[in-house]
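There are two complexes below, and they share subunit A, which is joined by subunit B in the first and by subunit C in the second.
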Partner chain A sequence: MTLAADQWPAYAEPAAGPAGPSDPRQRSGTLVVWRLELAKLRGQWRVRAIALMCLVGPFVIVAGLNVQSATPGDTAFGQWVHTSGFAIPMVILGFGGQWLLPVGTAVVAGDIFSSEDHFGTWKTILTRSRSRGELFAGKFLAALTFATATMVLLIITDLLAGLLAGTQPVVGLGGQLVTASHATELVVVSWLSVIPPVLGFTALAIFTSVASRNSAVGIGVPVVLTLAFQVVTLIALPAWGQQVLLSTPFTAWHGFWEQPAYVGPFLYGLLTSAVWFTLCSAAAWLVFRRRTIGGAS
Partner chain B sequence: MSRRLAAGAATAVITLLTLTASGCGSTGLTAPRLQTSLSSTFANLYVLQQTEQGNPKPSAASLKSQASCQKGGTPDIPQDGSGAWLCQITYLVAGPGYPVIAKYNVDVQTDGCYAADGDGPASVNGSPTIIGPHYAQLINPLSLIDGCFDTT
Partner chain C sequence: MTEATGHVVEARGVSKWFGETTALDAVDFTVTPGVVHGLLGPNGAGKTTLLSALFGLVLPDEGTLRLFGRTRAEAGPGWLDGVAGFVETPRFYPYLSGRRNLAVLAGLDGGDAAALIDQALERTGLAGARGRKVKGYSLGMRQRLGLAAAMLRRPRLLILDEPTNGMDPAGIRDLRTALRQLARDGVTVVLSSHNMTQVEEICDAVTVLHRGKIAFAGRLDAMRADAPDPVWRLRTGDDGAALEQARRSAGVKAERHDDGGLVVFAAQDPMDEYVLTLARDGVAIRGLELDVTPLESLFFQLTGEAGQPGETRQTPAGLFIPPARPDNVPVTEEVP
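Take a look at the complex of A and B:
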């Protein structure tokens, strides 16, 4: 059976009366899908693995640093990891931020649409009483929720691990000594500043998931793009060329630790993330809205 | 089909960016920006170094530190962009008549962050550690300087 995009039953509300525009069940359709998707995510082993990594990862790194005297010297704050605990979350962000965070969100967002293709379940869920828009919004929101929730979790565990390692003042990137209270703020603000590009990567993975109908491609393309950005970054691009890349906003936090602090790269990064997010979401919706469900693909 | 589409789109984006790379526009990684950042960061870290060694604390401003940087060590190549720069920082420790020159090999990254590796004099930035009070071994803050400047 083939359900063309415009012919599938929009509201097959079972014996619940007419579904008028004022019906609260209809308006909350997105929320229903969102809740259902979150429940499905909670059951996935990779979601649990990522959550576990966010929970214990920073503490494992602190423990690892404690038993050796070497320092990760080739990254900002690297030489200070044994002097102040505040250096540790920043080394993690500088070292892993550009790689791990996009991959972490892509693992979920790159699969959330194409898994329905994999299991052949589009026909089943689209014949329910949820519209295509509600399904799209609900799934999209679930992926964004996962990305934001893991980031918040990671900020908390990173900061706690840092505080546990030591609250001595840390040397900022301007050579100034940063007191414990100010350093706490800067750690949190720096980590918060990478949430916009993470959400940009989420939208990108959603798009590749919708367009490819294949989870390996949905997850793989954002991961490969992350690597490609790293290579392109090494080229002597003009300043605006660097700003176009979705990887650049991940480094904007450096400015917060300077003296005087500067936020130019962060503001440009917000714009870059917003443009990527908007373009990818719009493209994903256009592809999803027009696709034929149930036919030979 | 869609797989080829995605791969094609990615290739197109990268090719476009690479093509524009060689073209117009500054990288924002200029000598004045690097010099301003390095000289003030050096001054702050010099104060830290003196304090940690138990010496009288100078003020960062009194050092009147000034950096002079050249990419690749020669003015022949364009003085703009990431890569290896050579910097000399002149600062006044014991009055205007006694300038000291500290040298650094600076690796500038495309995001405006740099790692400056001390290249003499040995007593200032040569050793990775310094001796603090009670013979404690401390990191020499002037041996490796991490800093960043705004490229926007």
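Take a look at the complex of A and C:
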């Protein structure tokens, strides 16, 4: 293998001019980075593993419940898993909201920035035609896209797995009987209601990833915080104390299944998630924008 | 490039500190168009920090940097348009193939970069490895992939940090030829190195950095004019007679080397005369090699790498480093 020196000049034609964001024909740099980050994510085994779990996990749970008579009676809807398929996605949401969903998003978001540190590739991509702002926004959007796509996939597979188990009406948390059509709506709305806190955890994981430059910390800190929030909720916190925890919005869907239904916790949860999301995003950008990449010779 | 100064790269009073460490100390650094400009210095001199600052990877604490006459603030997102290269060893995503890595970078560049990927791989000799994951690449292959990645940007300014690291001799030879060709076609090349010999063979101008400061900046021919005598390793059949002859020869200084043989400081012509005289006197010449070129000698003096006068030592790479000399006056007597 030798460098074909005489063929270099064909590339180095100054008249051709540079490509880059200053060219108005170029697409938005953020979208370019977002698309490339998604392509990179598709190449990672952990992303594929999470997607596979979302795809088949609910069906495996349904199969598991079918071969045993016991029920997870200590969780909401747990006692109804053998009588209505609509109870199954809600039991999964009850478990998942505790730690599975934060962990799932942190696995990607906590690594998406620090993996560049790990591989030493910041200096490779920052010497191309995209600004730090575009790279930050593109990566951030890719992490949010992954989190949202995972949630949408889970909503679909959970609902399908539940429908496979049975479409009988289900008993709501207020003791009322909920018809199949209304239960379908409530299952979807309940799952949608946890997307804001999932995105809050995504921003938190991104911040820890940016600040620590270490994937283990980027993934681990949100997971530890999730567990810490659970411990704290066992303490007799005042109401406002519960509301500022990012784990609290994961249970806001309970109000949708009460008789009469109420949305107060959901709205508080929306605000809490928005505050966490904004603070973590801003902090991540402030750390990232003036970071020195390598440099000391 | 800037109309006002004609410089492709212009750094004025650039300083950078990492905690208590001064990486760059009020550095003035300019590069004119269409030249191959060497940035020289020992490890820790600040070469990589300066190149990183050019790429915007490191933000200077003081001073002004201009590429093509524009500061980063003036250029905005187009700061690196027309600029390509790498600092330190080129790094890529190990879980992607060489081709896929270039596709990611071409995607960031936009334009017709993606259409150049296969040609770039071909021309850097990586066509056969395009589908292999980068984690299986050798250091030399990663250097080549770094060059291929630079090619995608059709650079007008190519910045390369130690580009020959890990390359085989044929690759180094071809890279030198390619960079000279690029310069002839109007591309400006800035390359860092700690190897003076490589720089001599390829560069038109050099800047020597030492402990974050400029030790020398100028054309290579100007540097040659300031350079001390080269250093030769001489093995003879009678070192005592050869030493005695050196004392009598104008412009020649010799001393014994710890590993045997002699170390001779002399310009080309006095050295030729000295060797011919030895032969006429019946002293067998068993070996003669140029150990340190004049520019290497000057480099070592500028960077304080030569130690004290009369002291000789070996670099980690085994290169013989001559004793520092206070001036360029030919010496005819052996240093005690």
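The rule is simple: the second predicted complex is superposed on the first by the 268 of 297 C-alpha atoms of A that agree within 3 Å, B and C clash if a C-alpha of one lies under 4 Å from a C-alpha of the other, contacts with A are read in each partner's own complex, and residues count from 1 in each chain.
The rule is short, and it goes like this: a contact is a pair of C-beta atoms (placed from the backbone, for glycine too) under 8 Å apart; a residue touches a chain by one contact, two chains touch by 3 or more.
Since the model is a prediction, treat every value here as computed from it, not as a measurement.
In the superposition on chain A, A:A211 contacts subunit B only, with no contact to subunit C.
Contacts of A:E134 after superposition: subunit C is touched, whereas subunit B is not reached. In the superposition on chain A, A:R290 contacts subunit C only, with no contact to subunit B.
Of the two partner chains, subunit C is the only one that A:L36 touches; subunit B does not reach it. In the superposed model, A:L234 makes contact with subunit B only, not with subunit C. Applying the stated contact rule after C-alpha superposition, one finds that A:K123 touches subunit C and leaves subunit B untouched. In the superposed pair of complexes, A:R48 makes contact with neither subunit B nor subunit C.
By the touch criterion given at the top, residues 73-74, 76-80, 83, 171, 173-177, 208, 211-214, 217, 221, 224-225, 228, 232-245, 248, 251, 254-255, 257-259, 262, 264-265, 268 of subunit A touch subunit B in their complex. On the side of subunit C, the complex with subunit A involves touching residues 16, 18, 21, 23, 43-49, 52-53, 55-59, 76-78, 80-96, 100, 104-105, 107-113, 116, 119-120, 122-126, 128, 144, 147, 149, 151-156, 158, 170-171, 174-175, 177-178, 181-182, 185-187.
Here subunit A touches subunit C in the complex through residues 1-9, 11-14, 16-23, 26-27, 29, 32-33, 35-36, 39-40, 43-44, 119-131, 134, 290, 292-297, going by the rule given at the top. Contact residues on subunit B toward subunit A in their complex (touch as defined above): 2-3, 5-7, 10, 14, 17-18, 20-21, 23-28, 37, 40-45, 48, 81-82, 110-113, 115, 139, 141, 144-152.
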